[in-house]
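Both complexes below contain subunit A, partnered by subunit B and then by subunit C.
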Partner chain A sequence: MPLDPANSTQLREPGGSRKPLPPWASTAALLVPTYGWLTLAVFLPLCTMFAFSFLTATPMGKAPIVFTFKQYRAFIDQPYLLGVAWQSLLMGFWTTFFCAVLGFFAALALVRATEGKVRETLLILVLLPFWTNGLVRVFSWTMVLREGGFLDYAIHSVWPGAGSVGFLYTRQAVVVGLVHGYLPYMILTCYIALVTIDNTIVEAASSLGARWWTILWKILLPMAAPGLISGSVLIFVPVIGSFMEPRILGGRVGVTMGTVIEDQFTQAFNWPLGAALSFTMLAVVLGIFATFSGVLRRGTAL
Partner chain B sequence: MKIAARFYIAAILAFLYLPILVMMAMGFNESPLYELPFSFSTRWYQALAGNAPLVNSGINSIWIAVATSIIATVLGTMASVALSRRTFRGKTLLQLMLLPPIAIPWLITGTAMLVFFFYSGIGRGLHALLIGHVALAIPYVVLVVGTGFQTVRADLEEAAMSLGSTPVHAFFSITLPLLYPSILGAALFAFAVSLDQFVISYFLATPGFSTLPVQIYSAIRKGFTPEINAISTILLVGSMAVIVIFALFAKPGGVSDKR
Partner chain C sequence: MTNVEVRSIAKNYGSVPVLTDISTDFTQGSFTSLLGPSGSGKTTLLRIIAGFIIPDQGNVAIGGNDVTRMPVWARNIGMVFQSYALFPHMTVNENVAFGLARRGIKGEESRKQVERALELVRLPGFGDRKPKQLSGGQQQRVALARAIVTKPSVLLLDEPLSALDRRLRQEMQVELIRIQKESGLTTIFVTHDQEEALTLSDKVAILDRGRIVQIGAPTEVYERPKTRFAAEFLGDTNFLTGTVVAGGIRLANGSTVAVDAPLPATGSEATVAVRPEKIVIRDVARGGKDTDRSNRVSATISSSVYAGTALTYEAAFDGLSFKIFAQNSDARPHSVGDVVELTWSPLHTVPLEAAA
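Take a look at the complex of A and B:
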């Protein structure tokens, strides 16, 4: 980096006439814009919504504002919500499970069967779709899974008499779309954990007669555990809050906590209930983060 | 074993890419009902040109992404300077405050913005979308630039100042040029975050002003047409291009195993 000598003549000019700011003032000046913006856009809204969750109804016009805890009783008052919550948790569980199984072995295959430039290219190829529009990727699955879609076409070209196997608008379709969306996450976190394992440990184990499943259970899986756990948390949390995937791939059966909350804000106009459900979900999310915070910190420190 | 592993990786890549490729191909298929066999046509791309709402929302998306990228990069870099180079009380708290925009499900952040903006008079539309997008992008900028700071030695700046440079001048003439790749990477990252953002935009858009993902979503809910495939293909290729450029400038964490 060449330093322009002509530039250095101007250095003293501004400093001479003005007193330099005290360090705390310049630090504050650097931080205020960012944190002011975050306060306006994230923290004040979250506080407002928290306050909202204790109202009886969306404040409109001159109607008096009444505080209540009844929104948080929604799960008792409207038992169907319990079923919806259960479905959302199941959706989160199955998505995380399939991502963990598929992602762990994909990371393992990358670490043990590829190297150098090839590995780097494959890893970028795995991660690339993750940074493209999630909505578009979900839409892509409707092309594959619909009746008469690509899946049917592929099967019929092999076995012309087969019936339709298209399963768009089912819960399975939602899970397939979500696994597709979040799998790269798990591959990355598992890869980061596995790539640090010293190859000589595995070689030592196998030269001492350990079978591959012993190596898998006793060495690889325990050492990849931080990656598996942080990947699982990073997948489970957004999945239970998803609403676009269930709407597009699940159709009428795709009712989840996410879609119920969205409905309160866009259709039913019951903002206090939506806020209470959001904060219930947020409590679950924070609980998960708190439980795994140690693992997450180690997982992201890399 | 190795051959099986390679087959497995190929299968995973097929799972990740096949649906996207099918979707792209269908945008070039003549039939409005996605009927096969395939017959090549660009009619859906031609139809796009006449679809004013989609074209306008696409232009909106690009402008918001550009503005988000600039604002978030400037603010985030400033904060990153303080967080990386200064010592002060409450720093850990400030670092933790960057997490909610990333970690809280967007559905919750988005609806909270809707509630607050509605009652505070900020309302919805262009400015509301911009406020939301910048807030989501800032934490990523701080993280990416902060990682860049770890590779720039602090004593270079101190040396300049002991030689009579002002702190501001030392920063602009020494640290900033060295940080340049990280900052450019962060700007592209912020651009991509904004361009792909759907959930927040969905709650803050108005019928008159929306972004491309929001328009695509409402089009999908109305019914599938190959025009959606065409515009989706354009969006996908565009954001992939941004990410590839980003990868060339700043290696995203964990991708390279050289560390």
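Take a look at the complex of A and C:
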């Protein structure tokens, strides 16, 4: 009888009915539930919205619905939107910038100056803004920033003659509120990046003659870059679309793409325009990331 | 010429003394190993010299200058860590050039020195790689190049080879000696591997619970251990305890062991150490050749372990047990139960200081 190698393997395993799954099958079995859900939860609504953005009107009334590209011409038809978009990008930029600076140093302080219980407690405190209601958080800022608010009160208690520094209903006030809300993301991503840096790397640098600013600039910052980048991405995108903070803290100057888009859905009931504006902003943001990612990859590839 | 000098260093963590009254000199261009069991304070002493730890007491001087209060970056040291501690976001060239840049050496001059350093550690042509793209041994060479390229006043190494496998480790030991001799750097090397310390060093300092118990050339510390701890820590030893008589000690069973070294006062108790490889076994039954070694006891082989080139015997003698290393050169190994005569020279009978 010719000995078939496949058969002979089976012979060595008498209970041969329990064959291991091929690797692709087990991979699929593990991934399908998660990715299936993500697809459903993310792509289905997104696709619906994308379809809406090519319609003339919200497909809920009795008005006839026609396919159109006109919603994507909004920026040309209503040039004031360009200004709004620019302000939104600026707002996103400044918020991300301040979050990056504050978040990086906060994470650095956590990693290098604290340990054990103290560090755990501080990390939990960092997460506090996540646990407070966003609306409450933002309104509490109005109490601080308005003329005669807590900020003025604090300053006057030190320097009674000072005028009011309250700056509620300015773009700066919006950025303050946004930074407060989104800073935890940056602290956490930077913390994760910094905590993995072995202390001997810092020691090696100082043994080679590096002083603290060189260590900060040449070692810690580049090594934490992945954290700074992912934090920035996490913050920039939602900030551009934010509408609560601009509304409440910006007042009349708080017109951003977020508020304009929100208006389309809640006030004007023009979902197609709202959807089209969202997708346009998404394209712009992706364009910005694409431009930066090339630069960043060269600078930080490990 | 003394290059690094530590004087009466003491360091406590809380109320626990980690180093107690450490004083020693490191000669210019010498290679000194700090050897001791885990927790004996080797790393602490090295880090005090580096400046990462400020001692509670005592002084550190490098090149004649007191550096006790000087920050690490100002001390002009080179340090190699067990974990290599290369900068992962920089290429090999950038890693090695880092210390040069801190000393204001840039551009062409820096490039030349980096290249020379990489040649010295036998890694030319690896300059554009990232540390991740190197093997463990190669990473350790880069770490070494980075530490020596700045021509530091002292090179400090904390168990730099212990992450490498045995073969690579032996290879790196040879390289390390070559590089150290070529560069002429005063080197302080922490290890808890006694063989490594003996092979590499000009001097070995044995630490025990925060004290230097003995410091000297490898042959000196191995052949003439001062204390029971030093004898035990550096290889295997047989200990014999007895009463001091003229020219030797008398054991409990009445036989006398000759000692060719100064002994404490007659009548006091003393312990001597005899290395297992110094003992020669003479097979009484087979009438083996007599030797001129004047210490002799008869004993019975109680165990024998065969390891190819060598054999390890244990021989029992009046309730004492001797360990003996023998080359595998006898016609026939001794077997358990053989009655033999153990002989060794009084020169190899080392009196030990009483424990502190």
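Methods note: the second predicted complex is superposed on the first by the 230 of 302 C-alpha atoms of A that agree within 3 Å, B and C clash if a C-alpha of one lies under 4 Å from a C-alpha of the other, contacts with A are read in each partner's own complex, and residues count from 1 in each chain.
Note that in this section a contact is a pair of C-beta atoms (placed from the backbone, for glycine too) under 8 Å apart; a residue touches a chain by one contact, two chains touch by 3 or more.
As the structure is a prediction and not an experimental result, all values here were calculated from the model.
J.: Once the structures are superposed on A, label A:219 by its partner contacts, choosing first (subunit B), second (subunit C), both or neither.
T.: second
J.: Per the contact definition in the header, classify A:238: touching subunit B only (first), subunit C only (second), both, or neither.
T.: first
J.: Which partner, once the models are overlaid, touches more of subunit A's residues, subunit C or subunit B?
T.: For subunit A, the partner with the higher number of touched residues is B.
J.: Once chain A of both complexes is superposed, is A:210 in touch with subunit B (first), subunit C (second), both, or neither?
T.: After superposition on chain A, A:210 lies in contact with subunit C alone.
J.: So, A:198: does it touch subunit B (first), subunit C (second), both, or neither?
T.: Second partner only, subunit C.
J.: After overlaying the two complexes on chain A, where does the subunit B footprint on subunit A coincide with the subunit C footprint?
T.: Overlap of subunit B and subunit C footprints on subunit A: residues 302.
J.: Sort out for me which residues of subunit A touch subunit B in the complex.
T.: It comes out as residues 1, 3, 7-8, 11-12, 14-15, 20, 23-24, 26-27, 30-31, 33-35, 37-38, 40-46, 48-49, 52, 59, 102, 105-106, 108-110, 112-114, 119-120, 122-129, 131-137, 139-144, 146, 148-150, 153, 180, 183-184, 187-188, 191-192, 195, 212, 237-238, 240-244, 247-248, 258, 261-262, 265-266, 271, 274-275, 278-279, 281-282, 285, 289, 302.
J.: Using the touch definition up top, name the residues of subunit A that touch subunit C in the complex.
T.: Counting only subunit A, the residues touching subunit C are 198, 200-201, 203-211, 214, 218-219, 222-223, 225, 300-302.
J.: Considering only the defined contacts, which subunit C positions touch subunit A in the complex?
T.: Touching subunit A from subunit C are residues 50, 52, 71-74, 76-79, 81, 83, 85-89, 98-99, 102-103, 130, 132, 143, 146-147, 150, 156.
J.: Which residues of subunit B touch subunit A in their complex?
T.: Contact set of subunit B toward subunit A: 1-2, 5-6, 8-9, 12-13, 15-20, 22-23, 26, 34-36, 75-76, 78-79, 81-83, 86, 88, 94, 97-98, 100-101, 103-109, 111-117, 119-120, 131-132, 134-135, 138, 142, 164-169, 173-174, 177-178, 192, 195-196, 198-199, 202-203, 213, 216-217, 220-221, 224, 228-229, 232, 235-236, 239-240, 243-244, 247, 252-257.
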